[in-house]
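Here it is, the structure in full.
Letters A, B, C and D mark the chains in the order given here, with residues in each chain numbered from 1 onward.
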Amino acid sequence: MPNLYNRIQGRSLERLAALSDGIFAFAMTLLVLDLHIPTAAQVHSEGELLAALGGLGPQWIAWGMSFLTLGIFWAGQQTQLNHIGDGTRDLTWIHLGFLFAVTLLPLSTRLLAEFIRYRSALLIYWLNILIMGAMLYCSWAHATHAGLVKDDTPDEVRASICKRILIAQSLYAGGAALCAINTWVSIGAIVLVQLNFALAPGLWWRKEH
Amino acid sequence: MPNLYNRIQGRSLERLAALSDGIFAFAMTLLVLDLHIPTAAQVHSEGELLAALGGLGPQWIAWGMSFLTLGIFWAGQQTQLNHIGDGTRDLTWIHLGFLFAVTLLPLSTRLLAEFIRYRSALLIYWLNILIMGAMLYCSWAHATHAGLVKDDTPDEVRASICKRILIAQSLYAGGAALCAINTWVSIGAIVLVQLNFALAPGLWWRKEH
Amino acid sequence: MPNLYNRIQGRSLERLAALSDGIFAFAMTLLVLDLHIPTAAQVHSEGELLAALGGLGPQWIAWGMSFLTLGIFWAGQQTQLNHIGDGTRDLTWIHLGFLFAVTLLPLSTRLLAEFIRYRSALLIYWLNILIMGAMLYCSWAHATHAGLVKDDTPDEVRASICKRILIAQSLYAGGAALCAINTWVSIGAIVLVQLNFALAPGLWWRKEH
Amino acid sequence: MPNLYNRIQGRSLERLAALSDGIFAFAMTLLVLDLHIPTAAQVHSEGELLAALGGLGPQWIAWGMSFLTLGIFWAGQQTQLNHIGDGTRDLTWIHLGFLFAVTLLPLSTRLLAEFIRYRSALLIYWLNILIMGAMLYCSWAHATHAGLVKDDTPDEVRASICKRILIAQSLYAGGAALCAINTWVSIGAIVLVQLNFALAPGLWWRKEH
C-alpha cells in the first residue's frame, strides 16, 4: 500500500489557511523593509526631508500596488478555501506553489521599484501575478474535479470563481501589454484594475440605483 | 449575476483575524530590527557600551511608543471583530486598508527615530495613527450600517466604540498639535495618552473607591 | 458609563494566543538573521569555511541559548493561557508587556553575541529574562485574583505555576550572579538551567525508578 | 509533587501548530530576502538586467530547493499532528527541536548559495535536513510509545509514517553522498527526490492505469 501516506497527507485546511495567513502577513510587512528612508546625515531641513521622501515616488507606487496585489490574492484564496470541504495532498501542493509565488512578490516589487522604466522588470512583475492567478485557477479546477467543493456551494458560485480569475488575468495581461507604450502607462492600468477589484465601484453604483 | 463573486468574498472573519495577528506580530517584532546596537569595534569598555546604548535614546522612545501604538490598535481591532458576526468584502477591504497603515508604522517609527526633532517626521507619524483610527471608525460604521454587528451586542457597546475612537483621536491630534512648541513635548503628550489607554489608571482609581 | 469600553476589551484569548504565537515565531526565526556567515570573497577553501563557521562560536551559543529561552517562555505562557477561561483588558496588557520583552530578546541576544565578555551585556540579557518572568508572574497573579482561572483547574496547579516561575527566576538570577567570576561561567550556568527545564532529566530519572 | 508542572505543560497542540505555521511561514518568506537583485547603478540596459538576474543562478536553485524542503517538512509535520490527539511536554520539546532546525534552514540555504561548489556547505545543508527528519521520527516514535495517537488511526498509517521518513532520509543521504562526484550532481539528486515527494508522479501514473 505505497500510496497510503499520500492519501493521509494534507487533510488539514485550517493549517493550510494558517500558513497562508502567515506568509501573506510577512510578505505584506516585508514590502515596507524595502522603502529606504533618507538618513539624518543626508538631510538638513524639514524641506529637504519632504523632498527626499517625495523622491521615493517609484518605491511608494510599487509598494502600494503590491499591497493591493497581495490583498486581492489573499481575498481570492480565502474565498476558494471557504468553499472547499476537504483537503488532499494535491490541493496542498497546488497552494504551496501559489504561496511560493507569493513569497516572490516582495522581490518582484523590489525589482520593479529599482528599474521602474524597464519593460523586463514590469513583465517579471506581471509574470508573478500570472503564476499566482494560474495556481488559484488550478486549485479550483482540482477541487471541482476531485469533488472537494462543499455540497452547499451553489452552481453559480462554482462557475463564478474560475470566470473571475480569467477576467482578472485578462485585464492584467492587457495592462502589462501596455508597456509597449511605456511602463508608467502599464503600471497605471494595473493599479486601476486592482482598485476596481478592491473598491468595486460598480457594486456601489448598482446599490444606489 | 456579475456581483455574485463580491457577495461570496470575505466571509471568513477568522482568517481576517489571523492575517491581522500575523501583521501585528511582524510589525511589533520589526521595530526592534531598527534598533542598531554598537559593534565591538566601536566600544572598548563596559562604560562605553552603556553610554552607547544610552545614546540610542530617541530610538528607544520611538520604539516603545510604537509598540504601545500597535498594542492599542490591536486591542481596538480585536474588540470590534469580537462583536461582528458576519464578514463582507467591504469590511475585508476596510480592514486591509487598516492593515496597510499598520505595515507603514515601522517605517514611520524609523523616520521619527532618525529625525526626532523634525515636525514633519512627527506629523507623518501622527498621520499614520490618524489613518489607523479612521479605518477602524469606518469599519464599525460599516458594520453597524450593514447589520453585521452581533445581535447580543448591547446598545451602549455600539455607541462606545465610535466614541472611544473619537476621544482617542482628539487626544492624539492635540498631542500632535503640541509640536508647535517642539517635538519632544508632542511625543511626551502622545506617550501619556497611550499609557492612559494601556494602563487605564482611572479604572484602577475607580475600583479602589 | 465611561468604563464600558474597558470592560468589553480584550475578551478574546484566542487572538492573544495567535498574536503571541506570531511574535514568538518571528523572534525565533529572527535570531538566525543575526548569524553572519562568511562571504565567498573571504574564504578560499573548505578548511577555511569550516574554520570561519567555527569562529562564530559566541554567536552560535547566544543563538542556541535564546532559542531555548523563547521555547521555555512560550511553553510557560501556553500553560497559563490553557488554564485561563476569560480574558480581560488588564490581562491583555500584561501579556502585551510580556510580548514587548519577547520582541526585545533578539536584540539582547545580538548584544550578548557582540559583547560576550562584557558583564553589562550579560546583565541586560538576564534583565530581559527577568522581565518576561515577572510579567508571567503578574499574569497568573492577576488571573487568580480576578477569578479568571478555569474552574476545573486543581489547586495544586494554581500553586505550582507561581512556584515554578519563582524557582526558575532564582536559578537564572544565580546564574547571572556568576558573572562576578566571568561571563562564560554565567552563560554555562544559564544554559544548564534551561536544558534542565527543556529536557527535564529529573523527570526521566524518576520514570525509570 | 514536583512533576506536576511538567504534566500540565504542553497540552495545546493547536498552539504548537500555530507556532509551527508562523515559523514555517517566516522561514519560507525569509529565503527571498537573501536573493540580492542588482542595483540600478550596476545595470544599464534591459539585456544587462536579464543577464544579471540569470547570473544569480545558484541563489535561485538554493532558494527553490529550500522552499520545496520546507513545504515537504511542513506537510510531514501536519500529517503527524493530525493523527495525534494529546500533547505532552516531551512532544512539545521534540517539536521545538524540529522548529529549531527549521529556523536554521534559511541560514544553511544562504551558506549553500554562497558556496555552492563546496562539499562542506552541501553536507551542512544535508545535516539540516537530517536533523529535521530525525526530530519528526522521534516525534512519531514518542507519540506511538506514549499512546498519544488518536484511536481512529489505522495500523497501516501508524507504520507508514516512520517508514516514509526512513525512505526519504535514505534518498537524501544517497543524494548527499553523490557530492563525492561534485555538488551539482548532489543538488540535482536532492531536487529530484523532493520533486518526487511534492509532485508524486508515481501516484498520478497509478491513477491512470
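Annotations
We adopt the following convention: a residue touches a chain if its C-beta (ideal position, glycine included) is under 8 Å from a C-beta of that chain, and two chains touch if they have at least 3 such contacts.
The shown structure was predicted, so the numbers you read here are calculated from the model rather than taken from an experiment.
Distance between Cα centroids is largest for the pairing of chain B with D.
Of all residue numbers seen at the chain A-chain D contact, under half occur in both copies; the interface is built from largely non-matching residues. Copies chain A and chain B of the same sequence differ by a rotation of 90 degrees once their CA atoms are superposed, given in steps of 5. Averaged Cα coordinates give chain B a centre that lies 25 Å from the centre of chain C. The distance from the centre of chain B to the centre of chain D, each centre being the mean of the chain's C-alpha atoms, comes to 36 Å. Shown for chain B are the residues in touch with two or more other chains, namely 18, 21-22, 25-26. On the chain B side of its complex with chain A, the touching residues are 1-6, 8-12, 15, 18-19, 21-23, 25-27, 30, 89, 92-93, 96, 99-100, 103-104, 106-107, 110-111, 114-115, 118-121, 124. Across the interface of their complex, chain D is touched by residues 17-18, 21-22, 24-26, 28-29, 31-33, 35, 37-40, 43, 46, 49-50, 53, 67, 71, 74-76, 78-79, 81-83, 156-157, 160-161, 164, 198-200, 202-203, 206 of chain C.
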